[in-house]
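Chain IDs A, B, C and D follow the sequence of writing; residue 1 opens each chain.
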Amino acid sequence: MTRDARWQTALTSIAPNKILVRGYPLDEMMGRLTFGEAAYLLLMGELPSPALGKMFDAILVSSLDHGVTPPSTLAARNVATTGAPLKDSVAAGVLAFGPHHGGDIESCMRYLDSGLGLMRSGQSLQQAAETLVDGSIRANEVPPGFGHRIHSRDPRAARLFQMALELELEGEHVRLLRAIEQAVGSKSAIFGRPLPVNVDGAIAAVTADLGFAYELGNAVFLISRLPGLIAHAHEERMRQPAMRQIDPKDHDYDGARERRLPERRK
Amino acid sequence: MTRDARWQTALTSIAPNKILVRGYPLDEMMGRLTFGEAAYLLLMGELPSPALGKMFDAILVSSLDHGVTPPSTLAARNVATTGAPLKDSVAAGVLAFGPHHGGDIESCMRYLDSGLGLMRSGQSLQQAAETLVDGSIRANEVPPGFGHRIHSRDPRAARLFQMALELELEGEHVRLLRAIEQAVGSKSAIFGRPLPVNVDGAIAAVTADLGFAYELGNAVFLISRLPGLIAHAHEERMRQPAMRQIDPKDHDYDGARERRLPERRK
Amino acid sequence: MTRDARWQTALTSIAPNKILVRGYPLDEMMGRLTFGEAAYLLLMGELPSPALGKMFDAILVSSLDHGVTPPSTLAARNVATTGAPLKDSVAAGVLAFGPHHGGDIESCMRYLDSGLGLMRSGQSLQQAAETLVDGSIRANEVPPGFGHRIHSRDPRAARLFQMALELELEGEHVRLLRAIEQAVGSKSAIFGRPLPVNVDGAIAAVTADLGFAYELGNAVFLISRLPGLIAHAHEERMRQPAMRQIDPKDHDYDGARERRLPERRK
Amino acid sequence: MTRDARWQTALTSIAPNKILVRGYPLDEMMGRLTFGEAAYLLLMGELPSPALGKMFDAILVSSLDHGVTPPSTLAARNVATTGAPLKDSVAAGVLAFGPHHGGDIESCMRYLDSGLGLMRSGQSLQQAAETLVDGSIRANEVPPGFGHRIHSRDPRAARLFQMALELELEGEHVRLLRAIEQAVGSKSAIFGRPLPVNVDGAIAAVTADLGFAYELGNAVFLISRLPGLIAHAHEERMRQPAMRQIDPKDHDYDGARERRLPERRK
């Protein structure tokens, strides 16, 4: 077994009393960059423009929490009920972001890129969208990034598209996803149920337009979901008896009533 | 085995096409709250003031990454080198935030609260600080939140204290920690080495002043560290051969050179 | 940061074409030691006697599976339903062995050792048992290793005690646990419900008699439960639709009917 | 969201004071089945024959531990050094069994099954083996189940083949793997280095002959490796300072010297 040569990292350099993240002093970043902007810098290597930073913060907010029924939340709560440390609940919740739960982001990014390949080969936006959807129909699959158990119109996807437009960040992946949305809608009889673009699809298209690698598209979702996993694990420990059997259906919401953000926030 | 009664959650309510986090529509939060502000809302139940939101974003930025040598980074990279999904690297990294690595935040919060108890019983700030430090010396322990392998002055702690002061968020926990810092400094001969306040101590004092539960103090650290775990796992997969033996010492930094934030960011 | 000195391991030595576990050639162990005996060797450093090996295999069998309702099984199934790799289900299940679920073994080992301390100080077996139980009553706690949600007499505990007796491996920890059982039984009016010795208590007493470290007592439980976590994760993927909401109560057993081991196995 | 219908499990039935695993009383299994036999029953649904049980125990012993350098061991030790609970080290180690580390078992099972498909279509054993190896060469890949960083002849693989022969359990997967071994050997000039059958390949062939599902082939490896992960995490905590930087290369073995099993074990 020979000794490996030295290896390299380009993320963070550490010296006594000095921490540089992608070259920027970490303490200087604090208070001047939002966490979303700082995370973008670390993952992508360069500071985001103000519009990009705002978009990335919005993506992180979009999947903050989705209630008690997702498998990730249930995995986190089942670990919490055993008295394990909170970080163990978080790790179990992260493990539950499998291909069917969050992993759709990567699948949708690849799906969109295959459509862009069709366009490079001469198909129009609409043709590429229809080719993709016809392929999904032939494979008897729902296109990645479409459909939701509960929502017929996913409010998070709509808001991401609106922001991409307003911030002038809409790119070819978002435009193709919107075209696929049209094509899916025109064939809803074949799918047998409405298939709205979901938040995974919208995150996929926007992060692809921002140039994220496939696996980083999923990673963004992990960051976004962490506060939710933490909040559920903490609530489980604070409000419920230990070692209970957690039924995902027999619960009620007893939190704050619907309210609006104050004007200064808008 | 009897059927449990219904159970309650106060975090998020889900209805068709409507997601309310602590009562606020999630899509309305997107683009109007930073991720830090949204995470604060979810964890604490109410919107932060602008100053609080800025402080919380800075806390999240403070522990974004600390290079390749922490055990959490090494756990994540060792999983990444086996070709496992990125989320598995993240989960393994989260598991490495044990009592000696991040867990110091909770210990320091408890330490400070025991000092505040002394003050409620009549001791002055300085007396309480000295009582705590004398207790640590008798127990032959470093006070939680003090000391660093590399830094003699932790730039992240200094920045958090400065921001707390400027944003008028400095409370009794921060003041007590500063007094303990003085007491530790005056006894550095006993400890045998300089023991600066570290970033864990500063996060502990600030989040305690903000009213966070002990285990949420640690949880904040988990959120903060996630982009770093992701970036290292991703870099491992992109730049290194699979199944290598990862030596934490034989590495070099080959990233961006030291640079300053642009003026508009300040 | 100075380079650490070389470090040592006493478990396994690897050389080309030769693997020695605690000094024994691994290939020579195959077919000659059961997995239980081999695991005992690795954990404890020496080969078990035939009686010890049989006892250890029985301990491993005792917690093989406990159906679909334990939080560890539910954590594993919730990860499985997302399409994640099987190992991710296993990891999540392992994380659910918190202080209230498996961790009782370590608590019971410590409880028994504190009782043995009383005996060293002059108390009789019965006196030590009663002192321990009175302490639990004063602390308003169930003694660790006692009580079960479903069983009023845990058949696994009974079998472990019987085997310890027959194999002449019953030691002071088992004897003390039996005395505590008597003391608890005589005070069942105070506890308000029957509190049988459970399998965790029996494993604790037997492994303590065998000389296991506290944390290895819990570790034995992890090995024992692994096939169950695997079997449930695999069944979830084979028999259930993806992304279902797993209700721990609404299930039926449709497997093999009750049957007996063939005579040659007895 | 409609309520799901009731769901089924065929593994274990639980009733007060009665636990049936695949129909057999768990307490009756204790002391009468080895852990390997009991695990086989749970995973496969029926009791193994004595020969099968012995083979399965040997498979479990084969991967008990492989020293400090595998990524799984390093992930477990890096979590242990932070003071996290032992189960967290185990979970992190399990997560490191990615496609390049243990996952080779599943790849090799699929590889062998594609070869058996060729034989069903008329190719001889030797032809099928050569077709497979030629395919690997064209894809510029090492055949799954072949090659080892350290061993030029993997003693565990040799022992598994010998036992399969002696116990009359050698089936078509093992025979095909041996034929592939010949084909690989005859083309070692093309591969540029010796590529012995490794323990993953041998486990793959034997478990495939026993009828295991692909993902259960990997799962067997998880069970086998658990005592090793536990032993390393425990040793790390007992013998090393907390928060050390773990270098996989700078270690020495200071355990028992080479020794032989006593005669009665043979």
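Simple rule for what comes next: contacts are C-beta pairs under 8 Å (C-beta built on N, C-alpha and C of every residue); 3 or more make two chains touch, one makes a residue touch a chain.
None of these values were measured; they are calculated from a predicted model.
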- request: In contact with subunit A and with subunit D at once: which chains are those? Just list them.
  value: B, C
- request: Since subunit B and subunit C are copies that touch, just let me know if over half of their interface numbering is common to both, same, or not, different.
  value: same
- prompt: With residue numbers as the basis of comparison, which of the pairs C-D, B-C or A-B duplicates the interface of A-D in over half of its contact pairs?
  reply: B-C
- request: Round to the nearest whole Å and give the separation of the Cα centres of subunit A and subunit B.
  value: 23
Field: Separation of subunit B from subunit C, taking each centre as the mean of its C-alpha atoms, in whole Å
entry: 35
Query: Approximately how many whole Å separate the CA-defined centres of subunit A and subunit C?
result: 39
Message: Which positions in subunit C are in touch with at least two other chains?
response: 69, 84-85, 88, 91-92, 95, 97, 102, 149-150, 245-247, 249
- prompt: Connecting every touching chain pair, does the picture come out as line, ring, star, complete or other?
  reply: complete
- line: Note: in the complex, subunit C contacts subunit A through residues 69, 71-72, 74-75, 78-79, 81-85, 88-89, 91-92, 95-103, 149, 242-243, 245-249
- request: Provide the residue numbers of subunit D that touch subunit C in the complex, in ascending order.
  value: 4-36, 38-39, 42-43, 45, 47, 54, 57-58, 60-62, 64-69, 86-88, 90-92, 94-95, 97, 102, 150-156, 158-160, 163, 213, 215-216, 218-219, 222-224, 226-228, 230-232, 234-235, 237-240, 244-245, 247, 250-262, 265-266
Message: Going by the contact rule set out above, which residues of subunit B touch subunit C in the complex?
response: 1, 3, 69, 84-85, 87-88, 91, 95, 149-150, 249
